[in-house]
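Two complexes follow with chain A in common, the first pairing it with chain B and the second with chain C.
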Partner chain A sequence: MFTHIFINRLKCLLHDRETIFWTMIFPLILAVFFNMALSNVNSWEIFKAIDVAVVDDTNYRNNEYFKAALNEASKGADRLFNLTVTSKDKADQLLNENAIVGYIVVEEPIKLVVNKSGIDQSIIKSFIDSYMQTVSSINSILLENPAAQKELISSLADRQQYVKEVSGTNAEPNNVLLYFYTLIAMTCMFGCYFGMREVTDIQADISPVAARVNIAPVHKLKTFIYNTCASLLIHLFEIFVLLIFLRFVLNVDFGPKTGYVVLTSVLGSITGISFGAFISAIVKKSEGIKVAILIGVSMTGCFLAGMMYQNMKYIIAQNVPVLSYLNPVNLLTDAFYSLYCYDTFSRYALNMGCLCIFIVIFCLGTYLIIRRRKYASL
Partner chain B sequence: MIIKVKNLVKRYGDLVALDHLSLSVNEGEVFGLLGPNGSGKTTAINCILALLKYDKGEIEIFGQPMTPDAYDIKRNIGIVMQNVAVYNELTVYENIDYFCGLYVKDKKTRKKLVDEAIDFVGLGEFIKFYPKKLSGGLLRRLNIACGIAHKPKLIILDEPTVAVDPQSRNRILEGILELNRQGATVVYTSHYMEEVEQICSRIMILDRGKAIATGTKDELKAMIGIGEKITVETYSLSEEQLSRLRKLPNIVSAVYKNQTLEIKADKGLHNLETVLDFIKKEGIQFGKIYSEMPTLNDVFLEITGKDLRD
Partner chain C sequence: MQVFKLYLKVLKKNIPSMLIYLVIFLFFSIIISSSMSKEQHVDTLFNQQKSNIAFISEEKSPLIDGLKHELEKVANFVDLPDEKEALQDALYFRSVYYILRVPEGFTESFMKGENVQLEKMAVPNSISNTYIDLCIENYFNNARLYVQHMEGISQESLVQHLKSDLSVNTSVELKTKSNKPQNHIYANYFFSYMAYSLLSVLILGITTIMLVFYDNDLRRRNACSPLSTRSINLQFTLANFLFTVFVWMIMVVFCLLYNLENSFNLNTVYFIINSFVFAVCGFSMSFLIGNLVKSLNAIHAICNVVTLGLCFISGVFVPPYLLGSSVLKIASFTPTYWYVNANNQIAELTQFNFSNIEPILSCMLIQLGFALAFFTTALVISKKRRFE
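For the complex of A and B:
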């Protein structure tokens, strides 16, 4: 009986073009648009060497230490500066043309000329301050203990790092990922359409076809479970198509924990389907109203999880933290992001735990409503 | 006895949908439930099928109490709903196969039954069609095929001919009689008295949830005094003439309305001849004149004081 009901249900659902569009095609289209719109969002995070000039006068030429420090900071692939050594007039001209961020005049103290403030200007200023602080420290030490000169020069050449940066996941900070994760979460929640249909097709007071099924010699809940298995299979397939598309076509990074990404998707799909079933069972209104409720709740969840405005997720987390845990879309988004970012599972486990509570509530609620065998009215 | 219903009461708030309804359906008969819209036919069927909760009463099918878990009983029941109950995403063949498969596990047997059902309703040319592509009549036939494919002993048809063209309606009615000839007991609900008269061996007339009469069509017609109805189309008739007409032997009533004279007479061999003689003697000009036996509508009208079609 399972095979008979399951196979026919698959046929039914696969021919339901509207549901297939919204649950599979629409997220794929949205993913492409996201990719087109967000592909350059991360570019500002890539550090570019700062264009800076130094006035080529006698002071500069005679200050060997500063010259060496500046040259050291201006070579290699990870250089801090693109250094131009030029006259003062030329430096002024370059600054006015915005070809450089500022220029350095080596006098006592070293002077930085800029025409506006900003991060790049602050970096140059920090570099100069750091240099002057080091020079001042060396001078003080040598004044008090001239014999330490040799040891001091050797220690300057051999700088020790006492803190080591270790990344658990090798994950780069990525603002775009969150948008794609909310998209996957939205697709999971769109499983609600399948859930809604399963309840519609088993409740005799909602549809004639359900009345016919109720009259057949098959346990109603068994039919519901077999049908829901077919829904789950199709919805999982759709989510995996989206994941594969995101990973291999749009190069969206999910981090190294692929198994957990799959597990999250499965739980997300179950959440979506059980949510749709619960709303369909509990709301005794027309199908149009049920669909409106499902879309409204899902899309509000997406908005609060940062799908339309990324900072919304953090605004909610800061101001109404409880809402973050009551929003399944946010729980899923956060689960994907914590898999990507963190090497520990505590945050992921918290998200999954909350999702499981939702699933239990939705399933239990649906069961309590649809378990009745006779109806008050049809 | 196939169905036995005793003192069934169903209320929707203050409205009593079924008022102590009792009925019995014998094996091999075509039992008709006749009544106007809202008389409680579908409610009665839904209660019998254990779909609806009811406030009071007992229902037995095949001698056993009917409950939602009575799968042995359900296995032998076929239902054709008032609303078409098929999946729009499955083809004609797949729909029949699906619903038949809920009753019959063996694939070979099922295939044979599905093929027979398709032949029976004449949908052979449309097996790969999706329901949305079918006309209203063909859709009704598919609805019937889904209900009867598993060859049930009891078939319940709830207004299966609503919104169906005359050709499909005749085919459906012939099909129901054929199913009955093949051994199925049939319960047929309708508000079309002609259909019920045509196919039902026993009829229950329902009004406001109450059974107001039960019997064969002849028994029902015998319940009322009218033996013959004579209708005369005439352009003018005076009150005096009408009064004299009413005094003729066997005439029960005579009403002149909208240029039509309707005469109801007791059973008798020469009623039409008597009326014709009167018209000739009075010099009344007339168009058509015809005589007919009383219908179930007359029975309903006489018992309830209102028309079945109202």
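For the complex of A and C:
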């Protein structure tokens, strides 16, 4: 019996092109868009050597120490500046064309000319500051200890590193990933379309198909479970297609724990389907309204989980932490995020736990509503 | 005007689904535009920029207090609980870019001249990383000079010396091009984001109605009415166009009302003209789609894919300067790209002479070109369809 219902249901569901579009094709298209739009989005926060000019006059040529310091900072792969040595007029022109961030005039004190405030400009300023401050330090040391001049020069040369990088985890804080995680979470929640259809097709007062199914001498719950299995299979397949596409075509990093990523997707799929079934069972209105509720709830969930503006997730977690545990989309997103970022499993387990509670509520609710329905007339 | 009236009747039935897009649009544009415009402002004096950092110290000493005092010039301190996950979250969501930890015993070893290091967690290769590093290295390298060359210097006098040395400041001259900086960031963002909702509402509205009108039975019935085909088409197009103007007006008026204090200038006029040109383009695009679509279910799918796709690649959701160059090249084959492009140029506009306005006008002309192309294609297709 199981195979008969299951296989026929599978065929039936696969014919529904609209649902397949929204649950599989649409997320894939969205993933491509995300990838196109976001692949470069963090470029503004990456440091690139700053284009800077210095006015080539006698002051500059005579100030050997500053010249040396500036040249030192403009050398090598991790240099601070791309230096241009030029005349004042040319420097002005370059600044006007935004070809440089600013130019330096060596006078007393050294002057920086820029055309707006910004972090690049501030870095140039900090660099000049630090040069002048070091000069000031040397002067005050020599004042008290004139004998130290020679050693001072030599110890100036070996600047030391006083900060070392300790990484919290192996995972880079690449915050673009979160958009893709919310996308997977959204796809999981879109399983609600399948859930909704399962309930619609088993409640005899909603659809003629269901009325026909109810006449058949198979236990209603059994039919429902077999049907849902078919839905689950299709939906899981869709999610795995998405995961594989993200991982191997778009190179989205999920961290090393592949098995758990799969487990999360399975739980997510079940959450989505049971959510759709629950809403469909509890709302006794037309299909349009059900769909509106499902889309409304899942898209609001996506927004709060950071799909449109990712800091929203952090804002919610900081200010209204309860809400982040009541939002299944966020739970899923956060589960993927914890797998990627953390070495420990505590937060992942918490997310999974909350998700399981949701699943139990949805399933139990659906069961209590649709069981033992008898119809006097249809 | 029977056709026109019929159009309005059909339209009325579809108002709720279009209203959803309108409300979502207004909601998002308020939230995002206001948060965006808060972040940026035009200034007339040079401001040293500050990065958000977290400062965690396991010890307390004058040297470290001095460092913290120095860092205040280049950083905003964000309080974070000293827990691994909280710190990682803050870094991931860029609440801070740099987390500095002073290990216990640092000052003591430093004063002895030993080689010790602070620990940092930072967004790798970020600008803030370089910036804060520069400041910290400067502080301790200067301090090192004192420790090495003034034997037995006490911590207090070291900090005093450093304080006076580090107060030396570069003079910065700020050359601004415009003398009257104005705030168009909100309008810029709002009008760009409008591309998404305007397109959504137009495509959804126009195609849904066209689907009703182009129903074969209905069309045959209308064809045998005494109205000429020309009149029917004219009324229908007019109704579509008025619908476009109406939707466009609602959005523009809302923007002006919400941002009233920054609205009375020439830039706003150009924003409005540009958005109208885009609305015309959206109208003909919808007309084309309406001629291609055959079922109601497909409309939602096509509407979403087309609008989201256009908006993602041409810089509506993500500013164009953050998009890859190849993406932008693809985007330049879409009208949205030219619309957003014109918007961004209008926002920068301070002088309204022809040489400044010319590039904006050419953007608008390109949009009109797209509109014309869509419209003629649509006419060809509709002619073909009539003979089916």
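Worth pointing out:
Operating definition for what follows: the second predicted complex is superposed on the first by the 289 of 378 C-alpha atoms of A that agree within 3 Å, B and C clash if a C-alpha of one lies under 4 Å from a C-alpha of the other, contacts with A are read in each partner's own complex, and residues count from 1 in each chain.
The definition used in the following text is that a contact is a pair of C-beta atoms (placed from the backbone, for glycine too) under 8 Å apart; a residue touches a chain by one contact, two chains touch by 3 or more.
No experiment lies behind these values; they were computed from the predicted model shown.
Of the two partner chains, neither chain B nor chain C is touched by A:Thr84. Of the two partner chains placed by superposition, only chain C is touched by A:Ala148; chain B is not.
Applying the stated contact rule after C-alpha superposition, one finds that A:Phe21 touches chain C and leaves chain B untouched. Judged by the touch definition given at the top, the superposed model places A:Ser137 against chain C, while chain B stays out of reach. When the two complexes are overlaid on their common chain A, residue A:Asn59 makes contact with neither chain B nor chain C. After overlaying the two complexes on the shared chain, residue contacts for A:Gln93 are found with neither chain B nor chain C.
Of the two partners chain B and chain C, it is C that touches the larger number of chain A residues.
Contacts of chain A with chain B, set against its contacts with chain C after fitting on chain A, share not one residue.
Those residues of chain B that touch chain A in the shared complex are 12, 46, 49-53, 67-69, 71-72, 74-75, 77, 79, 81, 83-87, 89-90, 94, 97-99, 101-103, 105, 130, 146-147. Those residues of chain A lying in contact with chain B across their complex are 1, 4-5, 8, 11-16, 204, 207-209, 211-220, 373-378. On the chain C side of its complex with chain A, the touching residues are 28, 31-32, 43, 45-49, 51, 74, 84-85, 87-89, 91-95, 97, 100-101, 115-131, 133-138, 140-142, 144-146, 148-150, 161-162, 164-166, 168-177, 297, 301, 304-305, 308-309, 312-313, 317-318, 321-324, 327, 330. Taken together, the chain A residues at the contact with chain C in this complex read 18, 21-22, 26, 29-30, 33-34, 36-41, 43-47, 80, 95-96, 109-123, 125-130, 132-138, 140-141, 144-145, 148, 151-152, 155-156, 159-169, 172-173, 175, 178, 308-311, 313-314, 317, 337, 341-342, 347.
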